[in-house]
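Lettered A, B, C and D in written order, each chain numbered from 1.
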Amino acid sequence: MFIQTIKTSGLAHLSYFVASGNKAVVIDPRRDIDIYLDIAKENECDITHIIETHRNEDLISGAPILSEFVNAEVLHGPNADGEVLYATTVKEGHQVRIGNLTLEVIETPGHTKDSICILVFDNDFDQGPVGIFTGDTLFVGDVGRTDFYPEESEHVAGLLYDSLQKIKAKAAASIIYPAHGAGSVCGDGMAEREFSTVQHEIMNNPLMGINEREEFIQQKITEHHYQPPYFSDMERLNMQGAPAYATFQMTSSVQVEQLENMRQQGYVLIDVRPIESYLGAHIPNSCCLPIDMITAYAGWLFSLNDKLVIIADDQNMARYAALHFARIGFDNIEHYFSTNMAMVAAKGSCFSTIDAVNAEQVKQLLKDDWHLLDVRKITEYEPIHIEGSEHIFLGHLADKISALSPDDKFITMCASGIRATVAAAYLQAKGYNNVKVFLGSIGAWQSKNYPVIKPN
Amino acid sequence: MFIQTIKTSGLAHLSYFVASGNKAVVIDPRRDIDIYLDIAKENECDITHIIETHRNEDLISGAPILSEFVNAEVLHGPNADGEVLYATTVKEGHQVRIGNLTLEVIETPGHTKDSICILVFDNDFDQGPVGIFTGDTLFVGDVGRTDFYPEESEHVAGLLYDSLQKIKAKAAASIIYPAHGAGSVCGDGMAEREFSTVQHEIMNNPLMGINEREEFIQQKITEHHYQPPYFSDMERLNMQGAPAYATFQMTSSVQVEQLENMRQQGYVLIDVRPIESYLGAHIPNSCCLPIDMITAYAGWLFSLNDKLVIIADDQNMARYAALHFARIGFDNIEHYFSTNMAMVAAKGSCFSTIDAVNAEQVKQLLKDDWHLLDVRKITEYEPIHIEGSEHIFLGHLADKISALSPDDKFITMCASGIRATVAAAYLQAKGYNNVKVFLGSIGAWQSKNYPVIKPN
Amino acid sequence: MFIQTIKTSGLAHLSYFVASGNKAVVIDPRRDIDIYLDIAKENECDITHIIETHRNEDLISGAPILSEFVNAEVLHGPNADGEVLYATTVKEGHQVRIGNLTLEVIETPGHTKDSICILVFDNDFDQGPVGIFTGDTLFVGDVGRTDFYPEESEHVAGLLYDSLQKIKAKAAASIIYPAHGAGSVCGDGMAEREFSTVQHEIMNNPLMGINEREEFIQQKITEHHYQPPYFSDMERLNMQGAPAYATFQMTSSVQVEQLENMRQQGYVLIDVRPIESYLGAHIPNSCCLPIDMITAYAGWLFSLNDKLVIIADDQNMARYAALHFARIGFDNIEHYFSTNMAMVAAKGSCFSTIDAVNAEQVKQLLKDDWHLLDVRKITEYEPIHIEGSEHIFLGHLADKISALSPDDKFITMCASGIRATVAAAYLQAKGYNNVKVFLGSIGAWQSKNYPVIKPN
Amino acid sequence: MFIQTIKTSGLAHLSYFVASGNKAVVIDPRRDIDIYLDIAKENECDITHIIETHRNEDLISGAPILSEFVNAEVLHGPNADGEVLYATTVKEGHQVRIGNLTLEVIETPGHTKDSICILVFDNDFDQGPVGIFTGDTLFVGDVGRTDFYPEESEHVAGLLYDSLQKIKAKAAASIIYPAHGAGSVCGDGMAEREFSTVQHEIMNNPLMGINEREEFIQQKITEHHYQPPYFSDMERLNMQGAPAYATFQMTSSVQVEQLENMRQQGYVLIDVRPIESYLGAHIPNSCCLPIDMITAYAGWLFSLNDKLVIIADDQNMARYAALHFARIGFDNIEHYFSTNMAMVAAKGSCFSTIDAVNAEQVKQLLKDDWHLLDVRKITEYEPIHIEGSEHIFLGHLADKISALSPDDKFITMCASGIRATVAAAYLQAKGYNNVKVFLGSIGAWQSKNYPVIKPN
C-alpha cells in the first residue's frame, strides 16, 4: 500500500500512483505514460482505474492513452460543457476499492466546474480519510485560480470557497496530494514544498485561513493570471482524448544546409540549448527556447500547427525537448539538427550572435537611443522596474511586435536574462537587427544601486 | 524541497532523504548507502547532516559510513549507555537548517532511552511543523516496543506514553515518517500503509487513542516480543560504527566438489533459493533460507562469526542474498555456488530432497508415529493450532534441537510452509533423516475443516 | 564506424548493428527490436537499411517491424518460393553505402535458396572486404544445415559447397559475422566462440577444410537434424511479415482458484520456473518448460494457437518467458500466475510433486517394473545409453505418447535431468500418475560406473 | 567465450574483456574500472588475470586498481627501465588459460621496449590463433609511434619492423584488437573503423605493406609527433601504480561569490561547457576546455598539481569532466560550480564574453592591426594556412605566451573554432583583453575562397 508522486518539471505537474493489493489507481496521468507502466511493472500491479481531478487546461491528459494501454476505466467529475469522451462521469460519494484502500469522490467545483477531490481511506483504519487528492482545488500554500469563467468570476470563486470548507470538514486529518507544485501556471503562491496536511494548510495557507466567503471572493477576483492561447487547444484535446505520444520520434536528423530552406518552407527553427550557447553563436533566424522554458512559453510563441525543427547539442537533448513540447500538444516535430556551431561555420555556413551586456553597459546604451524592453509578467513589472523601460510580457510579444519598429535598437531584460534572451532571439528572427540582452537584468541593475521605479 | 522515502524490504525499514536548497539530511540510513549517494547526485544535493532517531538494534546503521563518504555530521540523541563514537549528541530543541527547512529535535524516550523525533518546519510556512520523523516511537497503526529494558519495563512504557503525548501536543498537524513499516520485528500491529498524519493516528492507532498513562503501561508490558541474539551485536556495532559494506564481494565461485570439504572445515552452506527449489533438490547438508527470510531469521539460526557459502540460482541472486546478510552484520561471505541441481547430479555429486506433504497426507502420517512440529511464533500458535503438535519457535530451533531425537520422524509446519521448510532443512542438515514439510500448514488444514485447538 | 553484435540466448541468434557516419544497417533483426532502437539512439544513428541474410525458419524476423518503425528499406536475397512481402529483392553485387562503409551482396544459396552473404568494405581501406556477414551459410566451426529441401538434398549441399568456395575466394582476409552461435538448432558443430576469420575457418572448420565437392555433399546428406513443426509457421510468417511484439503484455495476473477452470477451458498452463522448483511443488496439470528451454522445445510441445498461462515466480519472470515465446511466434499469452506454492497450499488449493531419484534408486526401481524413458536426441542416444531404456526424443513426445500406457510407471532421463523433467511433467499433466525424474541421468549413471550400451 | 571491446572516447582507448568458462582476462584496463566489474558481474565471470600490452604514457592504467579489487595477477612485458611494481614480468611464450582459451605472449618491442602482443587460441580449434591483442604495436590503418627514445630512434623503429613481421608470421589468420582507435595521440593514420584482421592490414595498412626494413625505418623517423608534458607523469605513475579513482568526488559545490577568491588562492577555474556557451558568457578569468578536449589538452595547459574548480552546466557535467581529468591523472578536483550565467549576473556578479567573428569580419579586422594566431598542429598548419597568421600550437601556448604582448589584439583560429576558443580563453584569463575567435576558421576561410598559403 503506497502512494508514489510523479513530478513533471516544467509543468510543475504532480500525478500519483496509488497501489494496494496488486491493484492500482493513477491520478491525473501525464501524456508520456511510460512511468506509470514502469511503476506498475516494478510493483506487480494492475492499473484498474484512472482518475482525472478536472479537465486540465495546461497540459495533455494521459488518461485516455493509459486507459487504452492497460484497459482501465477513466473517471471524471460532472462536466458542465459536455461529455469527456473517454471517461465515465462520477459524482459525490462514488467509491473505488483497490486492495485495502477505498477512494471516494467529493465534488469540489471552483477552479473548474468539474473539479473533484478524492478521499483515501485505509479500510483497516477507517476513522476519517488519511489522504486527499486535491487536484487544482487546494495546493500547498495556495488555492486554485478561478479566472476561467470570466462572466461568472464571483460565482466560481464562491464555489471554490465552499469546496475548501468541505475539505476542511471532511479531511481535516489528511495528507494533501495536489496536482501542481511551485512554478505552475495554475497558481502563484505555491510553496516549493510538496508535502502538507489539510490541518497545516488551515494554519499556514493564507487563502485557507479566510473564514469569510465574501472576503475570499473579493481576494480571488482581484488576482491577475495570464491565459496562454494553447489553453483552448488543451481543453479541446482533453475532451476528445489526445493521441498517444510516440517515444521514438525524429528518426531524421537534418543537415545544416537544409535548415534555411526548411525555414523558408514554413518550418520554425527552435534552438533549445542553454541561452549562453545561443548568445555565443546560433543558426541565423532560429528562435531560442531553452528546454526548461518550453512548457511555459511555447504555447504563447508558437502554434500547435507549426512544424518545428529542434536545434540541440545532440539527439538526446532534442528528444528531451520534443517530449516537453509533446506534453502540451506540439506533435509536428520530425526533424532535429545536432549543432556544433564551430563545425557549422567551418563548413562555410553563416552564424549569428547576440551580445550580452551588463548594467553599466546598459546605462550607457540608454543614452544612445537604445530601447529597454522588459518582458516580465505585469505582476513582476509593476512593483519594480527601470525608468524609461517599455513593458511587453514575453507571452504577448508575438501579438505586440508590430508596435516595435525594426529600425529601432532594443535591449531586452527580465529578472535574470533568460526570458530576455528568448525575446531578443524572437526579435532577431523577425528581422530586428539591433538587439542586445541585458544579462542579469533587474537583479544586476539593483545590485549596482542604480535607480528604479517602485510605485509604492 | 522534498522528502524521499527509502524502503528496505526484509527489514521493513524506512529511511528518508530530506532536501532543500541543494542541501540534504538523511534520516536513519541503512548500511548499503549507495542509494543516498544516488539521490544526492540526481538532485545535485550535498548531504550535510545524518540523523539517527535512536540506536538501532535490528540492523546496521549506515550513518558512520555515509558520514565518512560525504563528510557530514551524524546527530544522535542523548544515550544513557555511553557515547555513540561517530555521532554528536543532540538534545531537545537542537536545530538543523537546510535551505528553507528547519529540522528540530524533540526527545522521545521509551522505545530506547536515546530515542528522538525530528520536527520539520518550512520556514516560509512556519505555523507548526509540517512533518515529523518518529523513528521507532510512533508507527502507522502501532507504537514502539518497550521490552529492551526488562528491569524497568513499566518505567520505559511510561516514558513512551509521555513521548507520544508530546508528539500530539507539538505536531498535531504533521505528516509522520516512521522508521519501520509492516513486517518489522519492531512492532506487530503496523499498517501495511506507509503514510499517515499524527491526527489520523490519534483517531485510528489503538495505542495513540489511550488517554490513561497507567492503562497504556499495562498494555505495553503484557505484549510479547522476541529478541534475536544478533540484537546485542547490532547494539555494539551501532555504538562503535560498523565498517562499510563492499558492494563487490564474492569474487570467488566455488565448484560443487569443494562444498562438502568446506562444510567439514566449518563453512555453513546456505541455500537462498525459493523453498520449492530446495524441496525439489538441494546440496546435502545445506541449510535453507530464502532471501526474504534472511533479515528475520539469519540472526537466530547463525552467528555473525560463521563463514557462509551462499547457494543460489546464479551470482546475482547470491549477491542479493549477501546484501541482506550484510544489512544485519554478516560479513563473512566470500564464496557462492551457482547451482543447477541437474548438472550437479550429472557430474556424479549427491543431492538431497525433502517431501512436501498435504493436509490429508499429514493426517495419515500422524497415525504413523510422525511428530508434528509447529515453528510459528507463540503469538500465532496459542490462538490456534493442531492437536498433538509440538511448538518450537523457528528462532529457538538451534537452542532447542537437543530436545528432539534424531531417530524420530518430523513433519514441520508453520502458517504456509515457508518457515516449515527452513526448519525441516535445518533438521536435515543436523542429521535428522526423516523430515517432511507440511506445505500449506495451518491454512491448508483449516481449509479441509480438520479439527484445531482454539483455547478461547 | 562499428559493428555491434546482439546475442539472443535460447535461440543462439546473432544479429548485427553496423554504423558509419550516423547511418546504420541492421542485419537479421529479431522480433523484439527495442535493442536496435536503443543502439541507434545511443550512437545518434539513423537506421537506413535492414538486411535479411535468408528467410529464417527458427525465429520471427524483426525486419518488417523495425522497417516500419524507422522507415528503412528491407533487403532480401532472391527467393525461389515467392516474394517476401516486406522486402526488396537484391542480387549479386548490390551495394549499400553508409558513411564510409560499403556493404555488398553475394549470393550464397545452400542452407536456403535465398541465402546471401554481405561483404563489408571500408572505403578508405578498400583492398578486399574487412568483414562478411555469413548468415546461416558459414558459422564458427560449422556450416549451415542443408536438409530443408529433402527432394534435392544433394543439389543444395552442392550449392552450399560452391557458396563456401565463393566466400574463400572473395573474403579470405575477412572477419566472419554469422547468424548463429553454439546451441542453435541450425547446426551442431558450432564453436562456443563467436569471433573468427574466414582464414581461421579454412584452417579449423572441418567442413571448410573439405576441398572435394562430392565428399562435402556426402557428408552433408548423412547429417541428422530435427525439424520442429513450428518451422513451417516461421516460414509463412517470415514471408508475410509477423506483427510487432507488444512489450507490455499480460496486464492480467490470475488467481490460483481460476487456474483449473482456465485449464478446462483449453488454456495450457506452463510453469517456467527452474526444474527444481517444479519438482518440489507445482500446480496440478501444469507443464514444465524452464525459460532457457522455451525456444528449443515450445515449438515441439505446443501449437502457436494454444492459449497459454505462464506460471512463474513473479511478473518479471513471466514477462521474460513471454518474450521468449514471442520470439518464435507464440502470442496468445495474456495471463500469468505469480506462484508461491506455500501460499497456494495455505489457501487450500492442491499441489503436485515429482520425485527426483538418483542412479542407485533408478537401478533399484528398474527391478520393480519401472520403465526408463530416455528423451535425448537420437544423436545423443545412439552412441551411449542404458540397457533397457526406451527412446523417445522429447520433441516427439506429444506425437508418440499414445504408445505409452498411463498404467505404467516411468522414470524419465536425458543428459542431466532437465529435459527429463520437462518430459515427466508432460506425462503427469496428461494423466500418467507414476513418473519420477532421474536427476543426473546418463552423467550420474556413468559416474557410478554402471553398465551402458555403446554400439561401437 | 567472448571478447568485449570497451571504448574510452577522448583517449580513443580500447580495452578488452576476454571470457571463457566463467574466467576472464582484462587487457589494458583504464583507471575507472567499474565497467570491467559490471561485465564480470553480468556474465558471472571471475577476472583472474590482467594484461598490460605495454607501459602506457597517455593514460593512467587501471591494472593495479582492478588487480586489488578482484585479486587478479597483472602481467607485463619485460621492462628495460625497471620493474612495474604491481606486475609480474612475462616473456615470449608465456601462456594463460581461461576456460577453453589460451592466451600466449609474444614480445613485440618498438613502440616501447616492453611492448608485447597476446595471441588468442581456441583450444578446440587450435590451428593458429584466432585473435591478437596488438597494444600500440599495430593499429587499424597505422602502426605505433617510435619517438619515445630519441637517442635510438632508428633502433626502435627497426625493432617495430621486426615485431610487425613476427605478427605477420604468427597471426596471419587473426582478428586484431589494438589499444587505440582513431583520434589517439598514439598515431595519426588510424582508421575510424575498429575491426580488422592481420591479413586485411597487410593489404591495406601502408606501413604493414612496407617490406624493406630500411624503408620502414626512414619513414618512421621522419614522422612528427607531439609529446605532452604529462606523459612523463603517466610513465612514473604507471610504474608505481596509480591510486584508485573515487567515483564519488566533489561533494562540494561552490558559490559564485567564492570563485574569484579561490582563483586568487591558486585554484584554476576550468569551464567545460560547449564553446558556444563560453563565448556567450562566462566567469571572468576562467579557462575553457570542453569535455571532449580534456584528455587531449589538459596535460598541455595544466599541471597534475593544479587544484581545479570545474565550471559546468550541472553536477553531472562536472562529474563527467572530472572523470576525464582523472583518466590522465588530474585528481585535485573537489569543487565545482554549477553555472547559469543569467543567475550569476542577476546576483550582481561580473561576467565576460568573447566575440565570435566570421571570415569576412576577420578579413576586415586584419586590416586594423589584429593578429591572427593559428593554434593547430604543425602538421595541419604547414600544408595550408592564412597569410600573415602566426603559428603557436595550442599545446605550446602556455610556454610561448610570453612572446605575445598583452597590449596587442588577437584573433585565434584553428580548423573549426574549438581549439581557437580554448586558446582565446586562455589568453583572456591571462590578461589579454582584446581577443576574438574566428568561428569556422580555416574551413570558413576556404569556403569563401579567400587566399591561402599552400607551400607545395
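Methods note: contacts are C-beta pairs under 8 Å (C-beta built on N, C-alpha and C of every residue); 3 or more make two chains touch, one makes a residue touch a chain.
Only a predicted model underlies this, so the values are computations on that prediction, with no experimental measurement involved.
Student: Going by the average position of its CA atoms, which chain sits the greatest distance from chain C?
Tutor: That would be chain A.
Student: Of the pairs A-D and A-B, which shows more C-beta pairs in contact?
Tutor: Looking at A-D and A-B side by side, A-D shows more C-beta contacts.
Student: Quick one: chain A and chain C, Cα centre-to-centre, how many Å?
Tutor: 50
Student: Where the CA atoms of chain A average out and where those of chain B average out, how many Å apart are those spots?
Tutor: Chain centres of chain A and chain B, defined by C-alpha means, are spaced 44 Å apart.
Student: Among the residues of chain D, pick out those that touch two or more other chains and give their numbers.
Tutor: If we look for residues of chain D contacting two or more partner chains, we find none.
Student: Given the complex with chain A, which residues does chain B contribute to the contact?
Tutor: Counting only chain B, the residues touching chain A are 1-3, 20, 100-101, 122, 124-128, 130-131, 141, 172-175, 191-197, 199-200, 202-205.
Student: Considering only the defined contacts, which chain B positions touch chain C in the complex?
Tutor: 273-282, 313, 340-348, 350-351, 353, 355-356, 358, 415-418, 421, 439-444, 446-448
Student: Note which residues of chain C are touching chain A in the complex, please.
Tutor: Touching chain A: residues 22, 37, 41, 44, 46-47, 69-71, 248, 251-253, 314-316, 319, 338 of chain C.
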